[in-house]
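Below: one structure, written as structure tokens.
Chain naming follows the written order as A, B, C and D, and within any one chain the residues start at number 1.
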């Protein structure tokens, strides 16, 4: 137990992101309702963001906003130690990824509304039956 | 399908867990990810850009090119929702409420339009009770939310936030207006045309600033070349460039969010919704 | 950082995720999904990613949920799984 | 200082935004804006190609920051050629699609052009960038625009096909993003060249292996390699013709380019073929893709659907060729990117002309088409010969290189698959020719339809179609020059 705990503490973020991702992926593949699949898609994407944010974390460091730098010119009087601040790059990447994911989510929701307008259902098996009903494609 | 999904998920999970085996410990300050580029940004960004929020500095300057496309993605999503759902045909039936008696009228003839005003009130088909408390509270809240949004955009250089977050907050204040009153109130105040123009204009501000830098002889988005045309302290030119870019992002995101919401909630009819 | 708190939050995130995809009412899914995003945002704020957390709070827990509710309003709440 | 590398991508983006503004002010302007943007882009791409051939690789630092900190565009011979290919195909397609866009999207032509330009911007950016994360953002732009476009096509099936495309596309892009995350964790950098330098020191790491697998799976999903192809046929055949004509030739080919770029620039041949030794497995995957694509194409009754399965088959050629692990195979794969893009473009141009007049392209509706639309069919025949691999056309030469490469690597099954699929394509296309040529219109269309007078498509569409079909032969005759001036110096 004593040597297991440090191992868990050292890696648990990485393991939990894998679990979240598996939940999302499973929902995307196996769920029948299209909106449920969309939720799965979002969980999948947030899991990746969690992974990136975990990469950026540093022990004993603070948020990536330089302190006492409001003055501008005299900012570099104080020496900045890289070990004091969390890595900002993964945060930047993930801001972009969140934006992309919300854009995809919006478009997917619009598509779901369109599908419902046409077929009056969002269940995949029912949709497949309706598709057979409307006959061969043109 | 469930079984297949389960197998795929298990395979992916195993692969990913196998990959985590060689990961550095969580929060290790000496992991490769935290020393190579990260140290450069932390140590040099303030000196080079005069922006203390490193995330903003990297987002809008070092990797400003990414952010431009990110804004284009949002614009594209708004346009896609418009293209997919917008339906210019008028609805045939209408509902009115006679204000003094609270009687609801259902007008099936599309030509017959009652004048709304003191006597009659326009209503949605899926009836939403007009709640005085919600309306009043939202009416008080919305201006404050909007001022906060502007603060988030403008203060993105110094504190968490920036164009995207501010734009989303501003957009949600408009959405709140639509939810607490009704969709017509929002659509009447902010025309679809205005939203469409603003969405394109926001991204255009971003790309335009980049193109001006190019015209001034620098590389694309190289804000330091803007010194001759921007008044103010030349040391802060990069911070000012970022501010301009963030304002563009904010405008584009606000408009895109409202477009997406209106089109989804009214199925593209722009008449009634939540 | 206090790892027990972190562990509890992480467990809660997973709980929310499983609940969101297994509830049989899509409006419930929308709210649970908002909760999921919000707890996730908390987790990121704890890890020092303030900008990401801010974005997730305004986007994931805010606008996404609104889009979600709007789409459910225009489609149906019913789901088989 | 010259800005042509940036202009290639910025010009269509600016044009897209201006067209987006014009939608609300004066819709008719958007077409000319789009034409102008793509014209500038094509011109810059041509300039860049000339510069690269004469002076070597061009680097363009975005925002003026040196590479590992900022984003850089790194344009070498391969990029430059792909950029010219994309921008010219997009430009030509825009010239041809003035009429068909108005026909298909009626009141939304302006928005259509905006989305179209954003799509092209994304593709151009993907081919020009030298940054792993920038690549992800640009892939997402192309995907998002394709989702919208696919849903706009067929009113009944389009949205559903599009939503399925969203799910699979997001899985692909996320896998890629995750792979980049694993690489970032090990290297701390995102610039391709920088990552490659650091990677050469840590080749044995299991994290790098997982990153490689994730990135490759992500890109294979995006390029629709055989078991992951299920989204492609529906998505491409339901989208509006003006868009199908550009997405079908370009999207998958650009993804093949991305795969080759990552293999060569980031991971390196040594790592892939010697440390991992995955070559055989992937060549088998390519072989299966070729055979499966060809067989599925054989069972289709709709011309558009049939062509989409041929695309699946062609992807097998390129993936297999690139993974043969020798210079000939790689030459063949790269040459096939260009040739296949042109061939597919020519085929879809011809199909576009048919759709414009006939509305449907079920094989039974095509009876007697040779008499009605002789020029369109001439273009179609030429493109079909090129797909089959008849000698003077360009399709023959890339297949020749691929087969030589397969023999050199001892992958006889791959060579056999190439020949069998050529035969199947020959059968397929001669079936189509037979229907179009020998069966006359009047017998097929019974009583339900009144006889419609079918004439040749508008002149603008015909000129482009004829030009592209002729270029197939010209490119074929000059393929030796292309190989010697571009591909071989690049591989050295």
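Operating definition for what follows: a residue touches a chain if its C-beta (ideal position, glycine included) is under 8 Å from a C-beta of that chain, and two chains touch if they have at least 3 such contacts.
Quantities reported herein were computed from a predicted structural model and do not represent experimental measurements.
Chains touching both chain B and chain C: A.
Ranked by separation of Cα centres from chain B, the top chain is D.
More C-beta pairs in contact connect the chains of B-D than those of the other pair, out of B-D and A-C.
The distance from the centre of chain B to the centre of chain D, each centre being the mean of the chain's C-alpha atoms, comes to 32 Å. Note on chain placement: the centre of chain A and the centre of chain C lie 11 Å apart, centres being C-alpha means. Spacing of chain A relative to chain D, judged by their CA centroids, is 29 angstrom. Chain C and chain D have centres, each the mean of its CA atoms, that are 38 Å apart. Counting partner chains per residue, chain A shows two or more touched chains at residues 9, 12-13, 19, 25, 54-59, 61, 63-65, 89-91, 95-96, 99-100, 102-104, 106-107, 109, 111-114.
Shared interface positions of chain B, i.e. residues touching 2 or more other chains, are given as 16, 20, 23, 27, 31, 33-35, 37-38, 41, 53, 55, 63, 66, 70, 73, 76-77, 80, 84, 160, 164, 260, 264, 267.
Touching of two or more other chains is recorded for residues 1, 50-51, 55, 59, 63, 67, 70-71, 74 of chain C.
By the touch rule above, chain A contacts chain B in their complex via residues 9-15, 18-19, 21-22, 25-26, 29-30, 54-61, 63-67, 69-70, 72-73, 75-76, 80, 82-83, 85, 87-92, 95-96, 99-100, 102-104, 106-107, 109-111, 113-114, 117.
Taken together, the chain A residues at the contact with chain D in this complex read 25, 28, 34, 37, 41, 44-45, 48, 51-52, 55, 89-90, 93, 96-97, 100, 103-104, 107-108, 111-112, 114-115, 118-119, 127, 131, 134, 137-138. Across the complex, chain B meets chain D through its residues 15-16, 18-24, 31-38, 40-41, 61-66, 68-70, 72-73, 75-77, 79-80, 82-84, 88, 193, 196-197, 199-201, 203-204, 207, 210-211, 214, 217-224. The residues of chain D lying in touch with chain B in their complex are 1, 3, 6, 10, 13-14, 16-18, 20-21, 23-25, 60-65, 68-71, 107-108, 111-112, 114-115, 118, 121-122, 125, 133-134, 137-138, 140-141, 144-145, 147-148, 151-152, 159, 178, 182, 184-190, 198, 205-207, 209-211, 213-214.
In the complex of the two chains, the chain C residues touching chain A come out as 1, 3, 6-7, 10, 13-14, 17-18, 20-21, 26, 29, 33, 36-37, 40, 43-44, 47-52, 55-56, 59-60, 63-64, 67-68, 70-72, 74-76, 79-81.
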